[in-house]
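By written order: A, B, C and D. Residues from 1 in each chain.
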Amino acid sequence: MIPMAFFKKSPWLLHYDASSCNGCDIEVLACLTPIYDVERFGVINTGNPKHADILLITGAVNAQNEEVVRNLYAQMADPKVVVAAGACALSGGVFQDSYNVLGGVDRVIPVDVYVPGCATRPEAIIDGVVQALAVLERKAAEMKRRGAPEQPEKPA
Amino acid sequence: MSRRTIIPFGPQHPVLPEPIHLDLVMEDEKVVEAIPSIGFIHRGLEKMAEKKDFQEMAYIAERICGICSFIHSMGYCQAIEAVLRLEIPRRAEFLRVIWGEMSRIHSHLLWLGLTADAFGFESLFMHTWRLREKLLDLIEETSGGRVIFGVCKVGGVRRDVDAEALDRLLAALADLEADCREIAAVFARDASVQRRLSGIGVLPKEEALRLGAVGPTLRGSGVPSDSRRLGYAAYDALDWAPVTEEAGDCRARCLVRMREIAQSFDLIRQAVAKIPEGPVSAKVVGAPRGEYFARLEQPRGEVVYYVKGNGTKHLERFRVRTPTFANLPPLLKILQGCELPDVPIIVLTIDPCISCAER
Amino acid sequence: MKTALLGALLWLVVAPILGGLLAGADRILSARLQGRVGPPLLQPFYDVLKLWDKRGGVVNRFQNFYMLAFFAFVLVSGALFFAGGDLLLVIFALTVAGVMLALGAWSTNSPYSHVGAERELLQMMAYEPMFLLMAVGMYLVGRSFHVGVLARAEVPLVLALPGVFLGFLFVLTIKLRKSPFDLSASHHAHQEIVRGITTEYSGRGLALFEVAHWYENVLLLGFVWLFFSFNPALGIVAALVVYFLEVFVDNAYARLTWRTTVRATWAAAALLGVSNLILFQYFAR
Amino acid sequence: MAHLTISKLLAKSAAKKPATRRYPAEKRTPPKGARGRVTMKQLETCVFCGVCGKKCPTRAIAVKRAEKTWEIDRLKCILCGECVEVCPKDSLTMEEEHAAAFVAKRIESHVQRPQPAPPDPP
């Protein structure tokens, strides 16, 4: 067994736009492009839940995409971390009163890191990812110790 | 007949940052039919107008879409101002044009990058987005936000841009324009790009009109229709003509957007040259009573805002018809008979903004 | 016999290290070409080690077996090559590896994998003629199919077979999974079929794929080296130059469709490869 | 129709320093007037009138007059800046720096104590 955990050095990202207005969404993409270039940290936008370690969600959860979010989370292999970026993903933001919006992402799946802002700046997203790395490493260590992933607590 | 398979496309898919689901009915690698299902991003935004103050609603209207955010708030405000019979200061109108055109350039650059990504041209995508960041810096400097400008309000704009900042803006834009030309040359001339764009997803002029296409999708098919010709805001004081291309294929739509970037630079220059001094906002009194139908040109095409007020601070009805919504029928049409690798390109050439379409 | 064994062993140990480093250099160079900083040089190793630690999920029992078979055949193919074995056997072992990969993708239920597998097979159809022409050309020049003999050929292969060499570089783009021919599984996932053949792999299966790809890359550069084997040092330089040229090309082209790929590679094989062989036969007589 | 049209741009980029801002190592100062985060800058001047909370489109701000508490829920704030504009005492500011990401949900709370000095008699 390799003693060092490499999760911190190679976080692969899965980005899902739950029901964001695209604002945070394009800022996530901007993170990957030359000016912010998160590949410096080994981040790759995989676009495939089976390959990803970090699920980066922008936008609030609504009746239609609730199942999709659950599904994506379930398809990701352990250890995995969820980063919610932007006011909508955190709480529903400006749309929290809307009839079709259930609220933040943590209504559906456990969220590990919250990135505030509307739209979140790429810098803030990088902050969030960096924080997520610590969480990811912790979860990886946990997984190794117990041999089983920690059961995701069902959110209320 | 070969066996038909269905390839699900989205809502989570790497080439579509936004959630739309297409069931592609395939015969080998050929698409026979594309069946969309939507609603993944519906937020029920129009209904919120009934609960929110009409002034607060400008923020929500801005968040219909984070890419053309400014023009959404501008359109909403124009509609409300028309209902209120509120004359807004001329300087505010010019500033709205400047920001509106900046958001058009940013949107088009974003689109060009994503298209490059769709045909697997990573470095072109990266370089396009590198340029876009320069523009975002300018937007942040003048408006305070990178993608959500947050400057438009009912009665004008929330902040002024002083002469010095406008000069800086012009200088920076001149640099950016030269860089954009370099990128545009690749899109227009590179052989491998042409192979993926020309002759793909052809939308003939009659079809475009019949299916109600708008914006660059329509102009790429040779119809010179541009709502800015209505002369709203300060467009009546500027000298320009709609950009059109004849071919109607993906390349034509791409060229239209590239030429519109150049045009927007020109429009900003004209607007900065002609901007009058004065206040930037008018006092809002009363509440909207009556209805209005505002038409504006977004980067993606014509957008329509319908507002109906009943004299209270809550609107009775707010309705938006966004360009992507209008462009979906032509999209489904041109998807028929295309090859699987062309699907992302064709989907992208209408510049889909699903969050606009579903609100 | 001893050197052959040594060559094979050396391959097994050194190739993944070399391949990983090359992949890291590729990513840095690509980033620089795109105006970015890019990941650390050792990033590919981090990725693979992480994947190894990650909890795997398999869609069915066969999936990882096929991946293992792919890995094994790549290893066998390279070992044969560096042991100085039969060139034809090397090429066919590599082909079998490719078939295993496609079968692995077929064994799953995902349409993306299926399209990926189909494209992988189409790609094989596209590059196989050129590979065989190369083997034939080398036989004509070196009078042997044995890599060991060819490596000691008196005539510089590249001078005798310039057309074949160029044609080989052309199809090398496919094998290295680079634009414009990265149809079945792109390095960059922004593709209509997500990751194509590896869509359904995760954890160790994916790690194996990455490592096998490093092995494969080194083997392919070995072919390049063989063209320059009259001067081994020059051969290494040439292989590196070719690799970085491919990286550049990767960044300078859009991804083409399978139709264009097959057409272009067959045209290249016919024009560059066949004509080279005919001319060589004509003048050598 | 030409091949390798982008090569000049690629070569130029490779020769130059990368355009990347190495973010956590190298921090950029956001331009003046950028909307980063709303903060309670001068708690002592706040009169807890609650206008900011009423004007907030997402009800991110909660003001409790009796307890002299001003709270902001960064999970909800959309950075419109309305609160800063309406604040009669200019207690609130829009800072250019963005708010930090966090792992545990919390509401940022400011409690005023001691009592503010009574306004000077005219």
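Here, a contact is a pair of C-beta atoms (placed from the backbone, for glycine too) under 8 Å apart; a residue touches a chain by one contact, two chains touch by 3 or more.
Nothing here was measured: the structure is a model prediction, and the numbers come from that model.
**Student:** Between chain pairs A-D and B-D, which one is joined by a greater number of C-beta pairs in contact?
**Tutor:** So, comparing the two chain pairs, more contacts are at A-D.
**Student:** Can you work out the whole-Å distance between the CA centroids of chain A and chain D?
**Tutor:** Measuring from centre to centre gives 22 Å for this pair.
**Student:** How many angstrom lie between the centres of chain A and chain B, each centre taken as the mean Cα position?
**Tutor:** Comparing mean C-alpha positions, chain B is 28 Å from chain A.
**Student:** How many angstrom lie between the CA centroids of chain C and chain D, rounded to a whole number?
**Tutor:** 52
**Student:** If I count partner chains per residue in chain D, which residues reach a count of at least 2?
**Tutor:** Chain D, residues with two or more chain partners: 4, 6, 10, 13, 18-20, 22, 57, 78-80.
**Student:** Give me the residue numbers in chain B that touch at least two other chains, ranges are fine.
**Tutor:** Residue numbers touching two or more other chains: 13-15, 52, 59-60, 63, 123-127, 130, 133, 145, 148, 190, 192.
**Student:** Using the touch definition from the top, which residues of chain A touch two or more other chains?
**Tutor:** If we look for residues of chain A contacting two or more partner chains, we find 33-35, 37, 40, 45-48, 93-94, 118, 121.
**Student:** What topology does the chain contact graph adopt: line, ring, star, complete, or other?
**Tutor:** complete
**Student:** For the complex, give me every residue of chain B touching chain D.
**Tutor:** 52, 56, 59-60, 63, 123-124, 127, 130, 133, 137, 140-141, 144-145, 148, 150, 158-159, 182-183, 185-186, 189-192, 194
**Student:** Considering the complex alone, what residue numbers of chain A touch chain D?
**Tutor:** Listed in rising order, the residues are 34-37, 40, 83, 87, 90-94, 96, 104, 106, 112-118, 120-124, 126-128, 130-131, 135.
**Student:** Considering only the defined contacts, which chain C positions touch chain B in the complex?
**Tutor:** For chain C paired with chain B, touching residues are 30, 33-36, 111-112, 114-115, 118, 179-180, 182-183, 186, 188-194, 250-258, 260.
**Student:** Name, in rising order, each residue of chain B that touches chain A in their complex.
**Tutor:** It comes out as residues 11-15, 17-19, 39-45, 47-48, 51-52, 59-60, 63-67, 69, 110, 113, 125-127, 129-130, 132-133, 136, 145-148, 353, 355.
**Student:** So in the complex, the part of chain C that touches chain D is made up of which residues?
**Tutor:** 29, 31-38, 248, 251-252
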